[in-house]
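Got a structure here, written out as structure tokens. Questions coming.
We call the chains A, B and C, going by the order they appear; numbering starts again at 1 in every chain.
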Amino acid sequence: MTLVSVPRSEAKKLAPGMGPALLRRIRHDPMGAIGLALVLLVVFCGVFAPWITPFDPLKINVPNKFQPPSLVHWMGTDNLGRDVFSRIIAGSRIALTVGVTTIATALGIGLVLGLIAGYGPRWLDNSLMLIFDSIYSFPTVVLGLTVITLLGASISTLTLVVIVIQTPAYARLTRTATLTLKNSEYVQAIESLGASKIRIIFVHLLPNVIGPLLIVASMDIPSVVALEAGLTYLGMGIPPPAPSWGRILQEGFGLIRTAPWIVIAGGIPLIITTLGFTFLGESLRDNLDPKLRRVI
Amino acid sequence: MTGRVLEIEDFSLIFETGGAPVRALRNVTLSVPQREIVGIVGESGSGKSTLALAVIGLLAANARILSGQVIFDGRDLLTLDEDAMRSIRGKRIAMVFQDPMTSLNPVRTVGQQMLDIQHHDRESGTEVKRRKAAEALARVGIPDAAQQLDNYIFQFSGGMRQRIAIAMGMMQKPEVLVADEVTTALDVTLESQILYLLRELRDEIGCSILFISHNLGAVAEICDRVVVLYAGELVEQGLIADIFANPRHPYTRALIACDPARIPEATRELPVIAGDVPNLAAIPKGCIFATRCSWARDICAVEAPPMVETEPGHFARCHFAKAGPQQ
Amino acid sequence: MLFYAIQRIGLSILILITSMVMLFTALKLIPGDPATIMLGSRANAEMKARITEQLGLNDPVIVQLGTFFGRLLQGNLGTDLWSQRPVSQIVMENLPYTLTLIAAGLGWAMLIGIPLGCYSAVRRNSFVDRLTGIISVATISIPSFVVAIYAVLLFSIQLGWLPVLGAGDKGDWKDQAIHLLMPAFALGLGWVGYLSRIVRASMLEVMGENHIRTARAFGLTEFQIIKSYALRIAILPTITLLAVAVGGLLSSAVFVEAIFARPGIGKLIVDAASMRNFPVVQGGVLTTVFLFALTMPLADLLVACLDPRVRATL
């Protein structure tokens, strides 16, 4: 038996540069610090929404309608007397739930499809790529509206839309990493020694791909949140009475002359979320080591 | 000897890098006489191109001039403002760079660029300028010059490209032409054609040429005098015949010995100068060349050698310039 | 190179065909009877039969696909279920509005973004550069519909300067231009930042190239160098990146048109989608996909026009 040692460090070559050191660098970069703070704020609201909303976001109290912002109702009340601030907080939970679940699912599917494309036969790779390219050829919102027309507006349709839109990006990234690894000398070496594909995938490929994938995916959260809000604004996303930010904007836009505070309040969380994630993403990109930056 | 067109006096320059500054040029003094071709020789990193850029005022942003003067037409170029400098660039001091493929603009035609550089001339119209450009191209041997004005630089062959670059430099009859490695990318035949062209144009226009090269053969072929730079210091200068016949600095000797054209065919080994160029961020005491020098003695590590005039007009910076190697 | 160009065009056409097939099969894949879905549960049997007949749903799938492509090649996008008008006619009525909106949005973004990017590159690390950097990231990330809504609130409701709804009276150029201001602003704002960033990066690269140094050595002014020597090269990658990002622009246009109740392909799709008027949605979607697919070769063509090096290889 020949002994060829494959350095374990090869598999972890992307590992340095992530972790605590990266976090420290981001905290010391003004853009990164602001981004991190905003993201933490949104995540905090999303996680603890049921306990921190001052009022029930769904409770209708018609006599109390159209209250302008005050110390009691920080962002006023809407046409049904619901507390807008509470609805905004509750909305963060919806936004994050949709954002995180869809992206996680897309990530899972993309990973599998990317592995299949990278490791599978050529014709399968080509057909998958053609399908991904075809999905890309639809502007996202247009693709979303098409699917919604066919299936009807609901949370599950919305989820499906986001998954369809996001999956190709992750699959492509995985495929590229897979192809690079497949053609690398050390994988060819261990393959010739009889290492199974499964083992190669789990021991050598996944640890390399997961890091960049997670970063790319977390940077996609704001665009997914914006897509959800946008489609809901058009009345094709999350149905009422759920206090999605898009719904608050839509209702507020109708009342823009009588109660402008609703529409102002509806836009703020979207700005905070997109700004937070984008600033954090920019800072991540700037502070990552070059090898990882290239992958992303 | 006629007057001097360009004089560089005690010129020192550093590059700020964030760490210790890189002392790229130290106390360089040289002069360019009228109608003469002065060669500046040295390895890459010796500071020869930096010196050229300093003359024309185009140093990198992190360069700081510590001391010195560049006297041209009675004025110190280093003290001129941007507008005054611009009125000199291209018109009175022109520059030709290495590799015209990258040093000329890829998306403007040769004619457009040759018209652009005539911006000093505010009287003539486009027609006149265009004719002048065509004449300049024809002069350097471009066939169908007037038609070629509408072509882009990548559409020409290597030799033609360099001819065009020289035509651009010489078109406005400058007093000084700085030629930075203009023959480096060319094969031997083309090289000697270009060198011949440069000398012809010098005779015609009556300009001086600062000919920067690491190719001793080219320098020997074209230059009237030569200046040898090593690691940012001027180590030897003199008339071409003196330097090649009787080099006084061990570095110059080694350079000449390493010139592939001079190696006898019998020895199949290429001679090299052992050791590395010293780190310019931490200049050692004593002679800059001491660590690589076969002549080196104790004094070389301690005391920087003075510039010694070994014969009239021939200077070398070596303790043993006059005496030669000590046994 | 020519082979490469043909290959690329071939691939684009293949992708276009695949997306059409996907769009077509999507209709087949949905559970239940398409006629019922489109008409809702109130529809009677006679209406359903008519719709089924009209959509050719009784034919075998492969025949339907053939008919679909056959009509498409003739520019026939089907018939609107409600108005019974040809979809292509409806699309053609709306298309100019969307194209105008995109041109205006992109136009003002280019007018501001490109000089801003140039300035940032030339005065690197200056106050303006840093400020532009942060504002770009901010404006790129904020969704265009939020910008649109806030713009309405500020310029129409608070200040009363601009009208909110519609595209202005037909034939009245001034009125149409005024109605275009806010939508174009909302659509273009993020692009100002995006453009300035890519132009900045591209300019920084070009300004470091050798030929820029040569131009300086000949005493050309910095302004002339930027204008005629650097920007002409720096703009080339910008054009390609712009083409890729046109999909996002079309997406934003959907929201902007919906918010300003402005006729256009986006609003057409939204309205048809809410009524589940599938032939119209399909027609609108096909148009946007086609527009999007067209931008890439157009960009390549433009680059070839501007770059003699590319032109020479064709």
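Following the convention adopted for this analysis, contacts are C-beta pairs under 8 Å (C-beta built on N, C-alpha and C of every residue); 3 or more make two chains touch, one makes a residue touch a chain.
The model shown is predicted, which means the values in this text are computed figures rather than measured ones.
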**Q.** Shared chain contacts [subunit A and subunit C, defined touch]
**A.** none
(Q) Farthest chain from subunit B, going by the mean of C-alpha atoms per chain? (A) A
Q: Give the identifier of the chain nearest to the protein's overall CA centre, each chain being represented by its own CA mean.
A: C
Q. Most contacts: which chain pair?
A. A-C
**Q.** Cα-centroid distance, subunit A relative to subunit C, in whole angstrom
**A.** 23
(Q) Need the CA-centroid distance for the pair subunit A / subunit B, whole Å please. (A) 58
Q. Whole-Å distance, subunit B centre to subunit C centre, using C-alpha means?
A. 54
Q: Would you please write down the residue numbers of subunit A that are in contact with two or more other chains?
A: none
Q: Spell out the part of subunit C that touches subunit B in their complex, as residue ranges.
A: 209-211, 213-221, 224, 228-229, 232-233, 306-309, 312
Q) Which residues of subunit B touch subunit C in their complex? A) 56, 58, 85-91, 94-95, 97, 99, 102-109, 112, 116-117, 119-120, 152, 154-155, 168
Q. In the complex formed with subunit C, which residues of subunit A make contact?
A. 31, 130-131, 133-143, 145-152, 222, 226, 229-230, 233-236, 249, 253, 256-257, 260, 263-264, 266-267, 270-271, 274-275, 277-279, 282
Q) What residues on subunit C touch subunit A, complex-wise? A) 11, 14-16, 18-19, 22-23, 26-27, 30, 37, 134, 137-138, 140-143, 145-146, 149-150, 152-153, 157-158, 247-252, 254-255, 258-259, 266, 269-270, 272-274, 276, 278, 281-282, 284-285, 288-289, 292-293
